[in-house]
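Which chain is which? They are A, B, C and D, in the order written, and residues in each are numbered from 1.
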């Protein structure tokens, strides 16, 4: 192990990460969420169903709505059927299945308030249930309206991070670099980045994790329209100072990234987090450019498919070794 | 009374709490709201009904909606009944009660705009009232939509505070500690805490309350995913310097906590407040850990049921005594 | 005119108010809006109808909705009538007025999507118009939903300012004071105030207005639950230093107040502005307390009706005179 | 080329613009959006349809809604027609076209949930499709509600920038000036401006672009109710120091403006950007006033049509030449 590292491990943690000595495994998952499981309380109190609905994929969200719609209609169909089809006009009474199908459609016509009236309630109980089903239908769509709006108005950064970070030459020394780019037609300004690292170290046969803030070159940017390469220079102030290729491979490292920007359409601050583990760091590589002028030289083209493209390079011998 | 305290009471308040000398009782309730009653103006101007609706429990909110729905339909049923059932088609005219029941259901079918048409208005007055009832119905559900969205999109921190604070050993001295943890699946970052205290003191037979800002160790945290123990070190800069167990029991103390964090789903700052009174401070105790690695050592488990668990410990003799 | 003032008028403006030398009349109205009229562009581009709808009183907002509803139905009634009542089923064809009344109700049943079906379109043109009226109805209620939500979710401070400011004794000197209190059941924290003044001065027969920032005692407050008295000490750093009672009466002064706080229910910053003109400043008066402990001494009562109560006091001779 | 400029081109970029050496053409378009094209990923991932819908003009937005409504009804009409008109009651079966027209109207009556019932489904398949069409209709209007609200509640600054910037005399030297004014009835406070410039320079036959931050006089303003003239003084700290009229004409310059303010109705920060290219800078001109007292001298009138009015003036010989 390099001398620089040995020296450093006697330093105090310089970061208040929010994770303690007995936390285990990756701290921040690749998608930016902390790798923590909650227990206790009961599951209903532990879930914010609104957060859950907002984080569902569009496919699952729509599926839940459709399934919910079918289930509610089945439940009400059973209720109307039990009350008796004689309390509804216009039912096809040829056989029980046709009766049930007709009350199911009556239920859906009530729940959606379409109310054609071909089937309509006449008795007291059927009318009463229909009264509440229509009310429930409207409240359900009120909630659905809120969920749709909550889902698509939720401010998000829409940043794509490079899958890997590289250790690349930088001026006289080396630097840890990765890059990110906005991949949607949103307009981000005033972006800044915060970088920290968790390094697992073994000392006197005890394993513990230290947290360090990592300095970055140009931690702020005015307009985040092209890609942005985050550069952490590995000099004597870096906890990676003196790390060899083997150190980067063998020591448990986690780079935690926190990007913040202002979205001009939402007029809101958006954040996105990600992390790089040891196995996602490529030693001796540099990224290749991913944007270039367009044909008429009147605009700049950003090719998002190139975000992970890099080429191998030789690194200068680290000053710390 | 300890020397340190006597000295301190001659100092000026160091906090602009917003509460004055004649304020009385607890300042901040356990739920974080100030313990203040308002008078004057009239009650309608004094209530923000939107704030009121947002603070209702789910059960009461739904109950109010259902009761409101029934009441509105009753009112309109009476109006239609007074206009005369001959202005409606399809009414069961066997007896007055059945007539009223039918106009009630007609009202609900109009208010929800389900409009089966089995019962329909034919006369001018009934048609006119129905015209406005349908309009009112849609506006009501427009408001309900907004209230539902306002309720579930309202940014909240979802923090659980330990019921008690402890006076625990800390390095060479003692410290006041309590802890908090996020109990829902929200993602909080950049949390910070502000701590202050109100101490009631009697001097020359006059009782007054002094406010002090309390210093905390690590008042900022990057990721609030595990529990966070807030530590106020009781050294010579603390207003509690030299407090004995009896002082903590006998003097009217209130610790006021204000936590602020950034919720990444809402992309908004969330805050939560709480307070600890004298009787909620346990002298000579320390919290036991509430998180641990999972079985596969790939993740961390946070057990929320342990948030109040502590064990009794002996305290070092306070340096100030 | 006092010496202190004469000296001061040769100073530069210390505030960038946004108002220039040729601005005229009160700068900020009592309700906090700037006293500026816009011309040019055209009126539709100059109005943000959403801002307009949000600033309407509840009564006018509801009135506009009702009137709009009636007008839309009248327009569609005319269209259906011109197409011909023979394209609708169930119309009462006894005379033209009854026909028109029936098509009006048909229109409202279509616009609200209640659609009883007693009157229904059969011809192509009537069906086509009904198709668009129902669509328009739903979009209209979509917009109404948004407006209702926008209106009641709009973050507002709900502060009541005292109608007058006073020049009161303060320590050895005097101070300009006014007070404010939250009058609704909202929860404000972290309030701060910014105070500036516009003073009209005549020099060499030319009248101009100078702007100064005013220092305040305790410009920040933790919890804004009781009333808050804003104090600007009139010492040698104040532009009012050496002002006599006549100066306050005769010189055109405007005090501009800007209060900012964090509303914990909206999780948003709220602001409120107001202003005090010369005629709203009472020389030689102090406010009387407006809050007191409740009977059980377990809570504090804030009486909002007392916000303007003051008593006359003698002022110390100003040090600057 | 002037001496001042030659000296400056050897300096480092002083701005982290987010644009690199190979970016091409205008950086920020006149409307404030970056002049960048994205490629890669696929187009659906690259588009935030919500951002797209929010940025549409009102006319196109409404047109899309109407076209979408017609298309959906056509699709469902075809489905009902294929299922067979015998599964619907009340269809005019005189000829296929009339049949299709009637199923089209039935579809619209289902989608909008108006459901007159003159045409109603009786068979299983038609009922099933109608069940889903009504459900789809309600979800569609739920989304439309969210889009309407998102569109009109979107915080925007509503600032009008002067089309041109001028090089005007300022104190002893010259200054680059342009102006802006809020043109709607919104209430902006605490406005600030950030100014930077991109200058294309050719050195050793290589063309590159340098970015500089531009200092402004009074970069902050309390109330943005009148027009605001942004002034960048061209002294020895300016990158334009020593620029002649020809330099401003021949060198590729881009002035990038970023204005931020607080909207009191939205209680939100709003931003607006714009840019000025070389051809939009008028050398030797000054703006004429655009506001004046109203007749009664009780208010100020802002004439927005005058925002581009300027008069030619002679400039002092630049100190740097």
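FYI, a residue touches a chain if its C-beta (ideal position, glycine included) is under 8 Å from a C-beta of that chain, and two chains touch if they have at least 3 such contacts.
As the structure is a prediction and not an experimental result, all values here were calculated from the model.
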item: Self-contact between copies chain A and chain B, residue sets same or different by half; value: different
item: Turn needed to bring chain C onto chain D - CA fit, degrees, nearest 5; value: 90
item: Distance between the centres, which are taken as Cα means, of chain D and chain A, whole angstrom; value: 28
item: Residues within chain A bordering two or more other chains; value: 109, 113-117, 145, 149, 266, 268
item: Parts of chain A lying in touch with chain D, wherever the complex brings them together; value: 65-66, 69, 73, 92, 101, 105, 108-109, 112-118, 141, 144-145, 148-149, 152-153, 158, 160, 183-187, 189, 191, 218, 220-226, 228, 262, 264-268, 289, 291-294, 296-306
item: Interfacial residue positions of chain D with respect to chain B in the complex; value: 113, 115-117, 145
item: Contacting residues of chain B [partner chain C, same complex]; value: 15-20, 22-28, 32-41, 45-52, 54-55, 89, 109-110, 113-117, 120-122, 124, 127-128, 130-131, 134-135, 137-139, 142-143, 145-146, 149-150, 154-156, 194, 196, 256, 258, 266, 268-271, 273
